[in-house]
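In what comes next, subunit A is part of two complexes: it sits with subunit B in the first one and with subunit C in the second one.
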Partner chain A sequence: MAIERRTLAWVLALVAAALLLPAIEYGIHRLPLWPWLMKWTYVAPLMPAIFAFMIVSLGLNIVTGFTGLLNLGAAAFVAIGAYTYSILTCEIYPFRLGWVLDEVIAGGRPSAHATWLTFVLGTMAAAGMGALVGAALSLPTMRLRGDYLAIVTLGFCEIVQDLLKNLDPITKGTTGINPVPHPPNLPALAAASEGSSAFIQHATGIYLYYRDATPHYLLYLLLMLGVAMLCRNLRRSRIGRSWVAVREDELAARSSGLDTARIKLSAFSWGAALCATGGALIAALVGTSIDPAYYDFQLSIIVLCAVIVGGMGSIGGVILGALVMFGFNGIVLVRLSDALAGSHTDGNVLTTPNNWKFLVYGLALVLVMRFKPEGLLPAREVRAEMRPPRQAPTVPP
Partner chain B sequence: MSWFEFVLQQLITGLTNGLIIALVALGYTMVYGIIELINFAHGDLVMLGAFLALTLIGACHLEGSPWLGLGLMLIAVPVFCAAVNWTVDRVAYRPIRHAPKLTALVSAIGVSFIFMNIGLFWGGAPMAVFGGGAAAASPKDVPDLIGHTNLLGSGSLVQITVKDALVALVTIPLMVALTWFVRRTRIGTAMRATAQNPMAARLMGIDVDRVIGATFIIGGALAGMAAVVQSLYYNTISFQMGYRIGLDAFTAAVLGGIGNLPGAVLGSIVIGLVRAFSDGYGATQWTNALVFLVLILVLVFRPSGILGAHVREKV
Partner chain C sequence: MTAVLAVHDLTLRFGGLTAVNAVGFSVEPGQIVAVIGPNGAGKTSLFNAITGIHPPTSGRILIDGRDVAAPYSILAALRWLGVGVATACAAVLAIELLPLWDVAIERLYEYRKPFPWGSAVPAAWDLLTSRAERKTVALTALVSLAVGAFGAWSVWIRSRRVPERVARAGIARTFQNIRLFRELSALDNVLVGMDAHLTSRSWHAVLRLPRHRKESATTRALALEILTTVGLGPDAHLTAGSLPYGHQRRLEIARALASRPKLLLLDEPAAGMNPVEAVALVALIRGIRDSGVTVLLIEHHMRVVMGISDRIVVLHYGNKIAEGTPEQIRADPKVIEAYLGAEGA
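Our next item is the complex of A and B:
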């Protein structure tokens, strides 16, 4: 299955634009034009968090998009990734990754290599942990049909939240683990950094500030593109084709000799591993494991919506969906709040942009499902199924 | 308090909680049974009903005449919830009835978000009962209309309060009426037929869309009743409570076997009891996890719930 030339051209153009975005924005920002507008539209510092959530969405896409298993607990795996990364890298624990490089090789001074090693090993460990837990969850739930599986994943998310909240000595309860070391900078971009603060938004309306994320822009973009390539190759491999076989007709897949139990297990493991990777990246970016309440049902649902609104099973679609869902949350609302800050102090519930968030999300979901149920950028086979050609096929003579 | 009294007390608390959950779970399971939709907005519908109940208390000064007020709320709130539920079905779910199941589920999640946002704005209403509307997002106190006199006398250690009695007096007759309705009436029979096989029901001359509409109306009315009982029982409401209520009810419905009416009640009572005993033994912070642990364990051994029929896949 070769890529169409037009698709390839689009993909390359978009990747190039994404790569150049911080530089372009930095350039425009220097121009003495409409400073208020510039401040508002400066999005590069906010993008790395969205790249991380794109990876999470691609992970859920494996379970729900490719394999057709409804998972309402993606946030649990994001939490597992974030906490695994935090526990392995935070200096408050005795077994910090990168300790060997710092202490033994560099003789007590923090070395640049240790930052890289910590980041790479920590993220890999988070992915591994995610895969293990995903496999463990799928074992007892193998026999469950669609909606029963959905409630179990939802319950699993609640259990994970409760565990993180209550296992104080390890997870630091509701305060979360910090400080978590930041990802390494790519030197070329560190210079372009503006020093403006960027932030990730807490679902409950609390803002968590972290420093300008522009230096991590390139790293996170490349990681996201790498994961997207991985997903594309997985989808076309033997294992990916068996996932789709299970989605289309589990019974037929089993009759054809596929081991559906093993296939579901592998889908859960891969999906959970990617979700956990995204979680680790978010923890590194924010510099804390955030707190257990962050990884709640609403986060799971926003990830699920990114997958469905974008187009289930379509990698480009899921990336677009994540950009729309998390971009609205992390860019539009943030910038709108910035713009309106100070202009209202009466505490009226209607004048805070953040208070309209769920109305907009809800309307968007209802309208997309009503008018474009296959998603914004559907996978080819899904589009063919949901939008059959108008004329009846001609019967061969 | 002896262990016997302790157990008795937890049983009473658990049963009361279970009955409240059951009202919501019945609405869930009826809708699921008929169109296989997990109606995520159901819990948030209860929340909207609770906000209406509080608005009524504030607007009509019901603290003065609690029993009259209770009667008014038990009529107005279910009517409101039924109307909202029917409208939502008409606007959001009916146009996508023949799309894949996930489509309607996402739509329901969208509706739930919209309800939640309406609840948030409603909490900012400039009324005394909403704290003047200053802190829209904070939980609201519901005035204690019916008190909590112990029916067993003030000397008894075991408490059955007026509130417990109210819950039982509202929920149990409703369940009996619902059973009668589904078993004996024409439209109830049509509902069961549609649940079994919508296509065959349509061929037999049943107006399936009307039956589904009726299901949403009944489910909504039950949610309204639950909203009144719930807000008077716990005396606090918030725009985010829909999620917790919906989650408990959904878990109960699945635990009992989703689509099965007695199963929903049984599942609710199991969850109410698990919650009561877990809280009673002082493990409050683990209660949620325990409820889901029970759910997962039950589903491992009975994948279709306690009373759910085992579905054998046909080729």
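Our next item is the complex of A and C:
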């Protein structure tokens, strides 16, 4: 129990730090520092996308981490989420979730609720579509395991990409759907006037930093934490236990009366729903469905790497893994490119940070597998098995 | 009193190999029955056939006088039809997606104007039933209906007597080579065994409804109780894979008991145990019998077998060569021959 209390303290501290990150950045920007250092402290604006990918990774973690079904098609479900959200909310289509409802509620005039309604309904619809497609994919693949399932999911990923590319009238082909309504932001605030106290001025400044410099930061962070809580509740419940039982020994699970077909179906549905939710959040954040080529095999692999590097089956680990993987991609590389821009290295293939991406991913994977095969932050049970406490080996007599 | 388990003329063939050949016996409630025989006699195959892992080539297995295989029923037939209809809808939608989109959505929508849903549905229907599309739609629907229904039927027919169904009918088992959920705690292993009796659903857990909390609290208490009866109370929170060998065997029994079975199948429970552990195991199995669970076990430890069995079934090369009380079996010349070889051979 003492261990659990310490874990809880860590989690609370990290959540508080995450909530305050933009405020801390705001503070750092007031300090007299070198401009290049200032540039490196603009991290919070890049975080919402990473939170969305954390949700995607948590979704894959249910399928691959908890249930042990190797899924190489996470990107397909991200794409399904993004496109469902885009099609249902973008004004070039008749569905216009949110607006339609809002017009009914507000009597024909658009109101402030429209953004919220659009976002909530769109995300929920995307999650539902993901769950539906996940269930449909898992039905015919119920008896497949390991490599065979991996190949099927890989093929599924390609099929979805091709469909999105070729169903031109519906998905707008390679151009992507645009504009997709953004998520709701914090309400506007009048800037503090000259005469007010320094405290009020700083408080206003921090609020505006949250609202304008790092829009959607809080919303996406809270959503990610909510999904993490959901995963934790699921894992500790009957269904989570059954998922792990199927991973550990399918025959023993069946002989204990578990309907493994149903359990795998639910793992696929929950996982796909979360991946699709992440996709919807990305589409809303970027304001477009991006293009089909974005949801390729590479994306699936990066999400899978996040799950493996962080620690399969460990919720905290997967969040950390996603932070490392997508943070490197979305923060370190971006800032490095900025720093190198204009210097004499320009145009050299080897010194362009973006080209290091997969080199570094591969290296990270090799190093983690060599030195910490259970992941950076493994689940308690996995740690117990991979690194048994030192004691006399118990040999069966 | 009906037998808990009745096996009639059970035959199990793998290609040319007959693992179990026309074996029949029955297990009365409250007994401990042992299945013995030299290695390769077909004991584990018999267990696998009873528990639904291998479908028998021929013969019948009755649990409490009933066949547990899913019966042919109108409900099952409706389910196949339902899958077929869903497949047909999906196939028609897939084939006609672009024309439908064009007719029912694209042509009717004016930017930011309210969408006339009332005329979209008839437009879609008109397209599907138009002279040009009628044939394609009907053909697609029929073929995919047949494919979907056939697929659902073929899955159903193969899963009529699957292990989970047998387990839910009241037969629990352990395995010769321990099959625990190694990365789950001992407590969670037992909880998985209890799963068939739980009623809470995923969304109850997600929302942490009071109902879910109550059920998880009572089941945890019950699981701890079961662990204590097999002597693993202090190990409840250790991962199963980290337990010593003898404890793993006991945990497997605890997991099987957690499903509240009528009949418990133990596949070599004393394998790899030292004499002290074996004596404790005998006491445990007696206790299980006395609590009202019938026990059928495979065992090589003759001291264990002779000490606890009410009746013994002897298999040799897939055939039943003897059945009776321990005294009868000990005196049976055929059994002695099977174990020691024919005299003068």
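Following the convention adopted for this analysis, the second predicted complex is superposed on the first by the 350 of 397 C-alpha atoms of A that agree within 3 Å, B and C clash if a C-alpha of one lies under 4 Å from a C-alpha of the other, contacts with A are read in each partner's own complex, and residues count from 1 in each chain.
Everything that follows uses one rule, which is that contacts are C-beta pairs under 8 Å (C-beta built on N, C-alpha and C of every residue); 3 or more make two chains touch, one makes a residue touch a chain.
Everything numeric here is computed off the predicted structure, so don't read it as measured data.
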item: Superposition on subunit A - do subunit B and subunit C clash or fit; value: fit
item: Contacts of A:372 with subunit B and subunit C, given as first, second, both or neither; value: neither
item: Partner chain(s) touched by A:251 [first = subunit B, second = subunit C, both, neither]; value: both
item: Subunit B versus subunit C as contact partner of A:239, first or second or both or neither; value: second
item: Touched partner set for A:91, first subunit B, second subunit C, both or neither; value: second
item: Which of subunit B and subunit C A:335 touches, first, second, both or neither; value: neither
item: Partner chain(s) touched by A:151 [first = subunit B, second = subunit C, both, neither]; value: first
item: Closest Cα approach, subunit C to subunit B, once both complexes are overlaid on chain A (Å); value: 7
item: Those residues of subunit A which subunit B touches in one complex and subunit C touches in the other; value: 140, 251, 255
item: For the subunit C and subunit A complex, residues of the former touching the latter; value: 51, 53, 97-98, 101-102, 105-106, 108-109, 111-112, 114-115, 151, 162-164, 167-168, 172-173, 175, 179-185, 188, 191-193, 195-196, 198, 200, 202, 204-206, 208, 212, 216, 238-239, 241-242, 244-245, 255-256, 259, 272-274, 277
item: Contact set on subunit B toward subunit A in their complex; value: 32, 36, 38, 92, 95-96, 99-107, 109-118, 120-121, 123-124, 133-137, 243, 247, 250-251, 254, 258, 285-286, 288-289, 291-293, 295-296, 299-300, 303-305, 311, 313, 315
item: Subunit C contact footprint on subunit A (complex, rising order); value: 91-96, 100, 103, 140, 167, 169-170, 230, 233-234, 236-242, 244-245, 247-249, 251-260, 266, 270, 313, 379, 381-382, 384-385, 388, 394, 396-397
item: Subunit B-facing residues of subunit A, complex; value: 70, 140-141, 143-148, 150-152, 154-156, 158-159, 162-163, 165-166, 205, 251, 255, 297, 301, 304-305, 308, 312, 347-350, 355-359, 361-366, 368-370, 373, 386
